[in-house]
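In the two complexes below, subunit A is the common chain; its partner is subunit B in one and subunit C in the other.
Showing the complex of A and B:
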């Protein structure tokens, strides 16, 4: 319930007109703060969903596939520059953004993430990195603006941040992939007798 | 089974939404969308009184009966509008002499009418050797009407924080009937010339 309250509170704060305008003032604030925070509010709400509701939703979310499909498609929609522009110029798009990011990205992401296979999660991370770098390259090299409402230097700044973000995630993922996440020293200790026959053989 | 159905439903609906939202994967930016939209459904240009660099006043409707190639500028502009200005010069130089000023007119409208008064417009005209008989550098005589015009052309102007403006520069083509029929890149004179060539 704590998560639910936290998620709703975060959503409420993001929806306050002065906060909303402050984030949307710059391209970086809009893309890299407001949108991820809206998703985060959905993740928290998903976490706090009552057990009965979760069970009902998960019944049609085997392996987290339905949720992942929703997340990818909704994220793609909001990644298109024309929809960022539209959310600044039309109320309907703005409301759509505020509803779809928590409901169709945040909540399904929370419900699905742990149900995905490890390889599936790895695939999502690697695609995220690739996408961040493609967008970053686009923003850094485009001679014209992709969003009519933001300046070209803001676009370049977002490009640099995306490049860095991709690099940070890539590094973290590489470390995670090749170094087992056990506390230091654990692997070196001799195995204690275990009831698991597979382990006893070693 | 339910998962399979739900996933397929999400993917189908989602692809449909994305397809529609990008005009069939043809327009990913607002700029791309408006060009496509105008090609499909040309829109009438609103009436606006202009004052050109020679001081003479006329309405936009004065250009009925000929093609107009139009760009939006502000005279202090140091980047995009210079390229756009050069593009218009090249269009002028590329047009057959008998069409220039008769079949086709060029027009630059300032979206900064407060700063751009007659002397600024004159200076700009001299810079591009623009003669009023074929190329008018103009400002809105009634600045209150300017937003409606910018709206029709979907020009978004935002202050760049350095006293200038950031704007989506482009070349607009108005047909003899007064309809905005096409938008081209601001740095591609041959595209405009090619478009006009087959249209007397």
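Showing the complex of A and C:
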């Protein structure tokens, strides 16, 4: 339950008008702090869901694919700059953002991540890195302001941060792949003998 | 391991899958070689095709050869790595399906849509069809490449998963505990070391490739989003160089696994072997600037790095492999048949092909030679005589009932035809380049035409030989059981 409480507390703090305005003052704060923190609040809430609720939700979430699809579609929606603009200009959009990011991104992400296969998680990471670089290029090379509410220099700053973020994640994952999951010198687990005559080791 | 249950619960033997991979590779390789022959005949004024069609053929030949070299090499790596790693058959099939769909898209864009910007799709050429091709054709080509890249990404992620599961980490897959610590004699087999290296470099390369492909797609439809051409070229050649080099590192596994069966000696990894593969893992990632030596705006340090690393990039693995192969063969009484001959030829092709590559990677030389036929000369050297020989050697091996099985006379003739035809063809490229004949020209000046005609004759011999290899393999698929790997020497 402490995860649930933490998630709700984080959500409540983010919804406080002064905090909300502070984050939304700048494009970097809005895109790279407020939105990820809203997702994080959803992740924590998802962690704290009662076992019965989790089981019911997971019944519809084979291999984590349903949840992942929901995450991707919702994230795509909020990646469009005009929706960021709309959330600053209309209450309904702002409420939609505050509800959809924890409920349709954070919670399904938490429910799905460990259900995805290692390959699925690898694909998500690889795609995320590539897309961070593509978005970075879009923000740096856009001939116009993509959000009417933010200056072009803020847009460029977001582009630079996204580029850096892509490299940081790529480096971190590469380093992670080299950290042994068991001590050196421990022999590899033998494979079971193959009945395939073409490949049987004798 | 091919038959024991893996993640997807598959228990069926996987040899038929590998046969499909190799069969597809053989047929596409042959078709692409015929496309190459048509281009050389056209340059030699023995065939009349329009320049526009020539560039379509150039694009299909480049994209097709890179793709099929990767597919065939992946089959070699998967076939042998399956003995040590719990790989997923489902993902192996998924890669093939994505590849085939990607190929259909690329063929549609080129033959249907007239796309002819070359396999390197250098910005802003895909968006500048000038009436020869439209946005849709360019998007189809880029989308096809993206799909093929996704297939290989899935395959390599599966390797990363399996290596980590079996050995603990990618570092352990490269044999780092044995390299940097006490040599316990329990280093991973050469196949696992090579697979780990390829997995690392290709995942990084494909991720960069995906980024530039999506950027190019955005630019096609929203031209106001421009790309820095030099950034685009860097990303494309990082991806392209890593991807095509990885084909060598995947296919070389055939040498590590099959030659010991013939020599009846094991190929044991030692510290030098492990150090070489680790060194090449790093260097293959940072050597790509040698493709951009003509780009004066590149930072000087990158140019210098491109030249210096070119001298050393392939050498560690090449040296340990060549030396290892020679040591394996020396006084072993090895039986020479088409398989073993092709594999030894492949090591020669790789080793000798690196020499003109290193020459061209020297900045002062590159300023003169870069846009000449010297460049296709060097890469055909180690891709045709190197990688293709490894593929054909593996293909021939797969189709045999045992390594002792005698070759038919036509297979032996095909080997000699392939060897001399390939050498003649490659040396005509190099000789033409040394005489300043430009590359990528649809029409040649009269004084260059004799070179093209001689080269065409050599290509015809190569195509005939490969036709024999391919037909024999396809015929054997339905006639015999595959060779049993009695690998007690390993």
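Convention: the second predicted complex is superposed on the first by the 176 of 202 C-alpha atoms of A that agree within 3 Å, B and C clash if a C-alpha of one lies under 4 Å from a C-alpha of the other, contacts with A are read in each partner's own complex, and residues count from 1 in each chain.
Heads up, the rule we're going with is that a residue touches a chain if its C-beta (ideal position, glycine included) is under 8 Å from a C-beta of that chain, and two chains touch if they have at least 3 such contacts.
These numbers come from a predicted model, not from an experiment.
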item	value
Residue contacts on subunit A - larger count, subunit B or subunit C	C
Partner chain(s) touched by A:86 [first = subunit B, second = subunit C, both, neither]	first
Contacts of A:180 with subunit B and subunit C, given as first, second, both or neither	second
Touched partner set for A:73, first subunit B, second subunit C, both or neither	first
Which of subunit B and subunit C A:65 touches, first, second, both or neither	first
Touched partner set for A:147, first subunit B, second subunit C, both or neither	first
First (subunit B), second (subunit C), both or neither touched by A:137	second
Subunit B/subunit C common contact set on subunit A	144
For the subunit A and subunit C complex, residues of the former touching the latter	117-119, 122-123, 126-127, 129-131, 133-134, 137-138, 141-144, 170, 174, 177-182, 184-189, 191-202
Complex contacts: residues of subunit A adjacent to subunit B	59-63, 65-66, 69-70, 72-74, 76-77, 80-83, 85-86, 144-152
In the complex, subunit C residues that touch subunit A	1-4, 7, 13-15, 79, 82-86, 88, 91, 153-154, 157-158, 160-161, 164, 166-172, 176-177, 181, 184, 186, 188, 200, 203-204, 206-208, 210-211, 214-215, 218, 224-228, 481-488
For the subunit B and subunit A complex, residues of the former touching the latter	2-7, 10-11, 14-15, 17-18, 21-22, 27-33, 156, 158, 160-161, 166, 168
